[in-house]
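Got some structures for you, see below.
Next, two complexes with chain A in common: one pairs it with chain B, the other with chain C.
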Partner chain A sequence: MSQSQEAKAIEVSDIEYSYGSTKAVRGISFSVDRGEIFGFLGPNGAGKSTTIKMLTGQLIPRSGRISILGMAVHGHSAEVHQRIGVCFEEKNLYLQMSAEENLRFFASLFGIRRPDVKGLLERVNLASRSRDRVSTYSKGMRQRLMMARALINEPDVLFLDEPTDGLDPVSARAIRTIIREKAHEGTAVVLTTHDMYEADELSDRVAFITEGRIHAIDTPENLKLKHGSRSVTVRRRMRDSEVEELRLELDTDTFSRKLAEATASGTVMTIHSEEATLEDIFVEVTGRGLE
Partner chain B sequence: MRVRSVICILKKDLSVGPRSPIVLFAIVLPVMLTLILQLVFGTLFESPPDFGYVDRGASDVIVELRASESVQLHRFESEDELRDVVRSGRLDAGLILPADFDDEIRAGSRPPLQLYISGESYAVNRLIVTVSSIDAIRSISGAESPVSTEVINLGSDEDISLATRFVPVIAMYAFLIAGMFVPAASLVDERERGTLTAVTVTPASLGDVLAAKLIFGMLLTIVMTLITLWMNNALGTNPTAMILVIVLTSVFWGQLGIIVGLLAGNSQALFAIVKASGALLMAPVIFYLFPDWPQWIASLFPTYWAIDPLWQIMANDAGFPDVIGSVAIVLGMSVILAFSIVVLGRRLSLRHQ
Partner chain C sequence: MRLILAILKKDLIEFSREKIYMVLSVVGLVLFAVVFWLMPDTVQEQTTVGIYPGENPLLIQALDEAGDEDGLEIVRFAGQDDLRRVIAGNLEAWIGEHGRTILRDRSAGERAPENARRVSPVIGIAFPDAPVSSELPHARIYVNNDTPREIRGAMESMIREIALAFAGAPLPVTEPAEDEIILGTDRLGRQISMRERMRPMLVYFVLMMETFALASLIAAEISQRTVLAVVATPAKLSHLLAAKAIHGISLASLQAIILLVATASFTTGNWFVLVLASLLGAGMFTGIAMLVGSAGRDFIENLFFTVALVIPLAVPAFSALMPGVGAAWVRFVPSYGLLNILTEVTSHGAGLSDLTIPLLTSLAWVAAIFGLGLLVLTKKVRSL
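Entry: the complex of A and B
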């Protein structure tokens, strides 16, 4: 096994970056395994984009070290870029060109002689409009084309910035399916998103970042277990026909007894289990919301 | 720098270019200016040279000239009137045929003949008039070279038509729009739309993008300048030297475009820079329009050295050795611009795009 095959997909060690006197990123460290989907969550201005720019070689960190597939990003930029795919939040496509021309051009930059343009466009439901100029596309269509472009070189590491932003539910689901498939094939995926449902559904691990610092990194499940509370709500009709609602904390010693009591008296109408959302956990951990 | 990436980006620019309004502008403007110039100076539908004559003895020379259809004949009764009209530039040339001219020719003598040429006449028209006259005279003599024609320029030899003096202005527009503005606007557009970032997270580097844009500007400059000069009959008598000079100076214009594109963060800044620098860049060609002005002032402007070799070849029939000094100065400036591009490019690649 070669060194790059042994290495983690992404290793970030204590990186820092400042815009003038403003510190955007303050000593961030994390790693991402091959085949892992890593959610990067934080409000606007938290340092997500700056971190992604450093990871993709657009910015050089003031200090710290970044390696992608065992290669230092700065020093092996062409080799690293050959093996990554980036889907930007900004829809930076060539509007005067068709979807097919856009993909063929980017494929040529990767040295791919016969790119599977048709297959990719079918995968993102753009095959029927492949020869239309991108300027005639809707926001959602452009987003899907961005996704196809990020996959043109079959990357080993995929950076996705708000990949389902502006998409209808069906298209968003299709994109999520592609992300899962790529991860299943061994591609490491770094996902930045404001959509907590999406992050929760897709990510193997998430990192909470605010003010340039990571506050927590773990699986969504573990974060909820550590920082959130689970409960069961029982709605029952009492003998006097009144409806009563009981909220029982799940992670307590008395839960089973209280649940038995609640279901024994009166007629049970509904029982709902509830757990904290990732957004709740984010607020709990960072002390602020995602706005 | 990766040659493959440069070629890919160049191919893309060449393919997308014709869909861009700025590239279309760069193609259309010199052509439009040329047509307007030709319309204004009456050369749009150019006719044969205007040739006046005073014929004292119903000479067959005029019959021969009329039959040849190589000149537009105009009859005059007075020699003074003919000279005045030629001197004013309304005729390309004038010929005075004495009463016994044909007889003397046929008798084998060599009578003197005065051919008046306007100082503002194109070189090609002068040639047509001279050759047509000699042919006509030879035809009636039945012998070879029966006369020695004295060609007399009326007006200064240095007189160059205003239409010719406008050609550097149009050529400068071709340089500025095609060579400088197109690469600059293309670069700024890519920065504004974020496509530059998209390209530079592939194996292609910023240097590859800049090299492709430079070559794109150079190709457009060469094509548009040649078209402009050809349309204005201004390729000169040494077209090889002209092409060589255009190719070498196109590097300078393309580099200027890249620097402007790197300095301008957005379209507004780009237009502001172009507006602010336009007069400075165009200044040297204004001096060609006004030959009475001290011409040395034009040489103080850097762009003079890129346009003057064209002017020398076009207007003064210069060869490449005659303009090599100016070309060397342009190439020297290109070296300085290349260093500037490297410095500015590094600054751009190290900061948020």
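Entry: the complex of A and C
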């Protein structure tokens, strides 16, 4: 096994970056395994985009170290770029060119002689419009083309910035399916999103970032277990026809007894289990919301 | 090189899809060539003077013997009022057989005479009908209101000369009077026509149009942030800038050369210098396009910045059209050297050795503007 095959997909060690006197990233460290989907969550201005720009070689960190597939990003930028795919938040496509021309152009930058343009466009459901100019595409179609472009070089590491932003549910589901498939094939995916549901559904691990610092990194399940509470809400009709609602904390010693008592008295109408959302956890851990 | 060629190919596809630039380029070239060939290729070098000699036999004899000199045609009138009306434009004067002056009042429906050529005196000199022999003749000069000042001055000198001859006094010059020293190329009979003078200006306009097209391409790359997608691949910003530079210089110089071919400029002088000047001009305007593309975000902003930068640079082009009217500061305009080179080659047949200094000066300006364009564009992309 070569060094790059043994190494983690991404290793970030104590990176910092400032815009003038404003510190955008303050000593961030994390790693991402091959085949892992890593959610990067934070509000606007938290330092997500700056971190992604450093990871993709567009910015050079003031301090710290970044390696992708075992290669230092700023020493081997051409080799690193050859093996990564980036899906930007802004739909930065060449509008006067067709989808096919866009993909062929980017394939040529990667030195791919015979790119599977048709297969990629079929995968994102754009094959029937492949020769139309991108300027005639809807927002959703452009986003799907962005995804296809990020996959043109069959990357080992995929950076996705808000990949389903503004998409209809069907298109969003199609994109999520592709992300899972790529991860299953061994591609490391760094996902930046505001959509907590998406992050929860897709990510193997998530990192919470605000003000240039990471506050927590773990699997969504562990974060919920550590920081959230689970409960059961029982609605019952009492003998005097009054409707009563009981909220029982799940992670307590007395839960089973209290639930038995609640269901024994009165007529049970509904029982709902509730668990903290990732957004609740984010607020609890960082002390602020995602807006 | 592979990456630069790939970006260049993409740029050409994008350029070809923007109909407005394609139309501007093609129609512009055709129109400029048509305008060039419609311009007069000759220069009126002869000044026509109308003279009414009165009853003075000496003067009549002198006029009969003199004939027309180089650059001066004398038309004799039989009446002072006829001369005045011709200069005022109320009568037409024609020269018929044996040099006879024929007058026609076209507003009264009189037809043009046959076998005659029309003459248009710019000034008229009328001598007294019956001069008193003891006095110097008192001549009257009729001047059209658009007669140039220098011709009026020349005519006054001529009348003084005639007056001295009448008085029997010799001219205050040493014989032979034709001790003429020509400074520079003697262009007598070969004056530079308006058509020839237009060449540098037309080349300038072609380069200007290409500047606008390239600036728009760059501005779109920045405003749509496609440049970020390119630099996230193995291509670097330097590849992108190199492709833009090659695109701008090759398209602009190609169009300038096509125009020079269409206006038969390569037959007038050193083709190598013309090609060199086209390349330098394309380099200068590519630098300007990078500056404009970095600043403008849409069509209107690009147009504004292009005009703001290109109009001051156009001043030497207009100076070439009207030699002698340009102020001294025009020499310090960056485009002056290039336009001077084009003028010297196409109008005066100058060669490489004659133009070493203007070429070097232009090269320095091109390097400065192109370098500034690259610097500003690089900073702009890095700030995205």
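Here is the rule we use: the second predicted complex is superposed on the first by the 291 of 291 C-alpha atoms of A that agree within 3 Å, B and C clash if a C-alpha of one lies under 4 Å from a C-alpha of the other, contacts with A are read in each partner's own complex, and residues count from 1 in each chain.
Methods note: a contact is a pair of C-beta atoms (placed from the backbone, for glycine too) under 8 Å apart; a residue touches a chain by one contact, two chains touch by 3 or more.
Keep in mind it's a predicted model, so treat the numbers as computed, not measured.
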*Following superposition onto chain A, is the placement of chain B relative to chain C best described as a clash or a fit?*
clash
_Contacts of A:S203 with chain B and chain C, given as first, second, both or neither_ = neither
*First (chain B), second (chain C), both or neither touched by A:T192*: neither
*asked:* After the superposition on A, what does A:T164 contact: first (chain B), second (chain C), both or neither?
replied: neither
_After the superposition on A, what does A:Q143 contact: first (chain B), second (chain C), both or neither?_
neither
*asked:* Quick one: is A:F110 in contact with chain B, with chain C, with both, or with neither? Answer first, second, both or neither.
replied: both
*First (chain B), second (chain C), both or neither touched by A:I60*: first
_Touch test for A:T286: chain B only (first), chain C only (second), both, or neither?_
neither
*Just one of 60-68, 96-104 or 258-266 in chain B runs into chain C once the structures are overlaid; which is it?*
258-266
*asked:* I'd like to check the shared interface: which positions of chain A are touched by both chain B and chain C across the two complexes?
replied: 56-58, 77-78, 81-82, 84, 86, 88, 90, 92-97, 101, 105-106, 108-111, 149, 153
*For the chain C and chain A complex, residues of the former touching the latter*: 2-3, 6-7, 9-10, 13-14, 17-18, 224-226, 228-236
*asked:* Quick check on the complex: what are the chain A residues that touch chain B?
replied: 19, 53, 56-60, 77-78, 81-82, 84, 86, 88, 90-97, 101, 105-106, 108-111, 149, 153
_Quick check on the complex: what are the chain A residues that touch chain C?_
56-58, 77-78, 81-82, 84, 86, 88, 90, 92-97, 101, 105-106, 108-111, 133, 149, 153
*For chain B, which residues count as touching chain A in their complex?*
2, 4-5, 8-9, 11-12, 15-16, 19-20, 193-195, 197-205, 350, 352-353
